[in-house]
Amino acid sequence: TMNQQPGSSSQKNTDGLEKIRMASWSNEIVEQSNLYVAEEKGWFENAGIDYEFVPGAGGGEAVKNIVAGNADIAFANIEAVLLAIEKGADLKIIYNIYPENVFNLVSLKKSHITSIEDLKGKNIGVYSLSSGTYQNLQVLLHSVGMKEEDVNIIPTGVLNFAPLMNGKVAATAATDTGLYDAKQKGLGDVDVMEVKNVLNTPSDVFVVTSDVYEKKQDALVNFLQVYKDSTQYMMEHPKEVAKVAIEKAIDGKDEARNLEIIKIRNKSAENKKELGWLDLDVVKKVEKTYVELGLLKKSVQIESAVTNDLVEKLK
Amino acid sequence: MSIVIDDLRLAYDKKVPILDNINLEIQKGECISIIGKSGCGKSSLLKCVAGLTANYEGRVFIHDELIQEPHEHVSYLFQTPILLEWRSVLDNVLLPLELKRKVMKEDRNKAKQMMKLVGLQDAAYKYPHECSGGMKARVALARMLITEPDVLLLDEPFSSLDAITKGQLQKELLNISQVMKPTIILVTHDIEEAVLLSDRVVLLGGKPACISKEFWLDLDEKRDASIRFSERFVNVVAEIYESVEHL
Amino acid sequence: MKKHLLYSFFLLVVLLTAWEVVVRIRSIPELILPTPSVILMDIIQLVKSGFIWPHLRVTVIEIIAGFLIGSLVGLLLGVTVSQSSLLNKVLHPYIIASQAMPKLALAPLFVLWFGYGILPKLLIIALICFFPLFESSLTGLRLVDGEKVDLFRSLKASKLQILWKLRIPVAIPYIFSGMKVAIVLSVVGAVVSEFIGASEGLGALIIVAQGSMDTPMIFSSFLLLTAIGVSCYQIMDVLEKKLFKKYTFHRRN
Amino acid sequence: MKKHLLYSFFLLVVLLTAWEVVVRIRSIPELILPTPSVILMDIIQLVKSGFIWPHLRVTVIEIIAGFLIGSLVGLLLGVTVSQSSLLNKVLHPYIIASQAMPKLALAPLFVLWFGYGILPKLLIIALICFFPLFESSLTGLRLVDGEKVDLFRSLKASKLQILWKLRIPVAIPYIFSGMKVAIVLSVVGAVVSEFIGASEGLGALIIVAQGSMDTPMIFSSFLLLTAIGVSCYQIMDVLEKKLFKKYTFHRRN
Amino acid sequence: MSIVIDDLRLAYDKKVPILDNINLEIQKGECISIIGKSGCGKSSLLKCVAGLTANYEGRVFIHDELIQEPHEHVSYLFQTPILLEWRSVLDNVLLPLELKRKVMKEDRNKAKQMMKLVGLQDAAYKYPHECSGGMKARVALARMLITEPDVLLLDEPFSSLDAITKGQLQKELLNISQVMKPTIILVTHDIEEAVLLSDRVVLLGGKPACISKEFWLDLDEKRDASIRFSERFVNVVAEIYESVEHL
């Protein structure tokens, strides 16, 4: 499918629906339950869209999938987008899925880590060196002028709370849902430092290639409309959506958990303006921080890649 | 088919040749025996004629064809019976035919007939590891006879057989020799056998081995085991024995 | 019940009991290491609710299809390369290279190139499992008694006939030894391929279970995968014993 | 220069050229698939700056140590199990189980149990690479001519003597075939083990490169790993040919 | 050491026994020969005595010990020379000593001496695949003699040797037999050899095979090849030949 140019897939198929393939950073998990509701209720068809889910392993893969033409729109973290732009990809960020930074740093109460400085020389766990936990940990360290070398960063895998519990690491970088799950599994009393207090990076955004942005704008608007509506619906009917997730989400067998996760994500999706609205100032601040951190070599002119045009067209 | 060996020289390692200056002409339908001490080079010579050894000097012709690889109409009986352990005796005997064509009913019958010839009629469905030493040797013999070759190269065919069975098979070979008239080179260490079966006995000896003596035997055309007891026979055997001893 | 089954089972019970006891005595949290009983309950739950079946199905299909492709390729390559020493020398570095490449890092590229369907998964599995078969068939096909080759040559057998009627029968036990390694590697391959870009299968399940810190489910998937691997191996073993007995029985000592 | 080296090199050039041309003509973005020339420049850069050395060192050490442990274990297990059919039947399912378990999913647990040092990495590598050696030595040690065993029995040889003076010499080519698969798998194992709990090594580098979307560096690490794998294999091959020639030369046909 | 075979019965597959009702007593220092048709069960019988076959009925004693596994002081020469291809001829000959103790200088000398005995002094550093058929057989012979066993079980030791070499080795065996006085069971298909070398010839025959006849030979104590030409010798051979023929 690599040879398939993004534009070429824009023709409508037989039933008049336009194909939109959404590359996700994950497979079909509870967090994205609004999409399952939209599918179930036929909202995509109603909006003239033939929707397809493309699973992935990380935001980087999602972005690569749209660059390669395997998908039209990517559900990815903003760091991946910044890095891809730096590597020459021509991308447009069109929708702010989670304006809130969901990353945090968790330590056990008994180890008395209350400030970032307390971490000096200690082991800190991250999911992996390619995950947002790593980058957001760097942001935290940077905020107090510390460097990566001042602590001992260890990729511990996604089960990163386990080493925290058995004392192999002093603190672990995680996400809000991860923290929730760990608490359910008996994590006990913990101190949490939330990264959003330092830098409120939008956690996930919808991003497309400029080519798709030009050629498929109507379909994209329709897609975003459905997404926005379903998000709204999930905020209003979390219980119903949690039920839908049991069937559709691969990790959705526990309805009570589904509900909690949905509630957490509903909160992350809240926008001080309108659902999906991108705050350019925040994005620029993120870019600046990443340049300072050395994650980006220089500014990538992010403002030219961010647009609220489509969001403004939404009802 | 006639066989001509022209100035053959064979050395496994460059310095020490095993065979040197071998010249031999064998008429169509002739049967010659090669005798010589253990390790003198009899099997090596046979392998050259069989086209299985490439790096000898000199030339070997069969039916005027220069031998560089095995010849279609030549059958070679190895000194050890090389059987395929995963095939029954019958399937081992059928192998040469199987390599030539699809095996038919009549081929199987022929194989059974060959096995009867060598006294293995009851062993068709045994596997090699269930056969005695002599039985294996006879399977190999049946396998070589099944293609009705024009040239037989036999490397000690009967050495692992008891006197009676050996006598029977010698008779069969004489019979084949007289009826089908193949050209035969027989390597044997049994002088009586050599004299009984062949028209000429070639004595290989020396280091490197060459043909140190040839004995033309003008015994009865219609030979059978009974000539063993003729005076002429006993004398020839004694003469050859002596030559071998004084090699 | 045969003696060895009894022993094997007994060993299993001992191991599981030790596990259960250690976890309980040291009160290791479930997140770090669940007890066998918890895992068992989880598996029962997964089976009862029917949740596991589609994942199991997908993984098993991938394993079998990937193994078939991989072993066919391995065998064919082994046979081809065994026939020509030059071809062997020229191709061998590439074949090794294809092995030494870490498939897990290759998987995302495959997904990019071939989409996220079953194709890249089968490719990964085949790529992972063909090598042992290739190596062992190559070794087996080459180490044939020289006298037997001479016999076939003297019977004017073609190279193909020598291959088919001599080398392959001789190599069968080694080919099977390679197949056994291959089938087990297929299981690994299936999981690796599902780690990336899959929404179904036991590998994907492990990933989400990790994401939701559902350690018992991680272990359940593990155990099911292990059971699949062991069963596949045993099937190969029975196949070898039943179908190809005559090529090995006279040599097993 | 030998003919086969020439061909092999020629094939390499053809493949690389094709790659370069395809990427350029279809103007595939570097993010997706860099050209060989870009990768080469990247490798040169990595080497020049000295950045790559510590990673390379760590990975090579892990590969070698892990392979040594794994092949020792594989060989010992193969030998032990070949000596007793009961032991074989009892242990075999467990050995297969250890293989079928996806190591990548096991890795985080190993890290949890054994810390972040080199130990869990060596364990993973050993666990990944011992199996082919185990299988092929088991097969090789068992398929010994029954008559030869009888000869040793008639000479009142002990089981150990039969093993040492008969079975192992006979099995050497098969053991080597297993070792070759094992050494290549060690490379894979090193990468897998470095995906979790490591901040050094080529495996960790791949992850970092993935995280920073540095596709050329992913490919550079790939290529270096592949080169390591191919070299290790060739070393094994030379070793076999040099040291153990007498066990194989009369059988290579 | 004496050998007693008591009512031995052997069946490879349950239904058809190969050997039945075999009773044989062999004195210490006696040499007996076993002859019989190819495939009749000679090697099988020898294997029972060698302790290599477990599932026979009846009992075999050597020196009053019930044989269930190979006996320390018994040496068995297999019908085929089973050589280890990765060992030189010398190392093959040394194998039995190597399995008993650390090999010393004097062991190597002894091995060389044995190899001289069988005429292989020049082949010490050859490998089996570089040896001719007869050479391999002689390597196996040297290997069995090196331990100076009390009991020799020989399965067609000379069948692949030429007349001269065979004669020399027969002489050596006679010599060993007279000097060291081992107990010998010799399986052979060569009746003259049997008569020449042994005190008694046992004829195996029938289906299943049993001892169909025994010949006590009271030839000269100090035998050598020359007795071949004595009238008594020729008569005995003829008598045995006839018995074999009428089996």
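Odds and ends about this structure:
Going in written order, the chains are labelled A, B, C, D and E, and every chain counts its residues from 1.
In the analysis below, contacts are C-beta pairs under 8 Å (C-beta built on N, C-alpha and C of every residue); 3 or more make two chains touch, one makes a residue touch a chain.
Please read these numbers as outputs of a predicted model, since none were measured by experiment.
With steps allowed only between chains in touch, the distance from chain A over to chain B comes to 2. Ranked by the number of C-beta pairs in contact, the top chain pair here is C-D. Taking the mean of the C-alpha atoms as each chain's centre, chain A and chain D sit 37 Å apart.
The centroid of the Cα atoms in chain A and the matching centroid in chain E are 86 Å apart. Chain B and chain E have centres, each the mean of its CA atoms, that are 27 Å apart.
Chain B and chain D have Cα centroids separated by 51 Å. In chain C, the residues that touch at least two other chains are 32, 108, 112, 145-146, 195, 210, 218, 250-251. Residues of chain B found to touch two or more other chains are 80, 129. Under the contact definition stated at the top, the residues of chain A that touch 2 or more other chains are 2, 64, 68, 157-159, 162, 166. Pairwise, the chains that touch each other are A-C, A-D, B-C, B-E, C-D, D-E.
Listing the residues of chain E that touch chain B in their complex gives 12, 35-39, 42-44, 79-80, 119, 123, 130-135, 138, 155-156, 159-166, 189-191, 241, 244-245, 247.
Every residue of chain C that touches chain A in the complex is listed here, in rising order: 28-32, 49, 51, 108, 111-116, 195-200, 204-205, 207-215, 218.
Across the interface of their complex, chain D is touched by residues 3-5, 7-8, 11, 32-33, 86, 89-90, 93-94, 96-97, 99-106, 108-109, 112, 131-132, 135-136, 138-139, 142-146, 149, 173-174, 176-178, 180-181, 184-185, 187-188, 191-192, 195, 203, 206, 210, 218, 221-222, 225-226, 228-230, 233-234, 248, 250-253 of chain C. Chain A contributes residues 2-3, 58, 60, 63-64, 67-68, 80, 83-84, 86-89, 123, 128-131, 134-135, 153-159, 162-163, 166, 168, 295 to its touches with chain D in the complex.
On the chain B side of its complex with chain C, the touching residues are 50-52, 69-70, 72, 74-76, 78, 80, 82, 84-86, 95-96, 98-100, 127-129.
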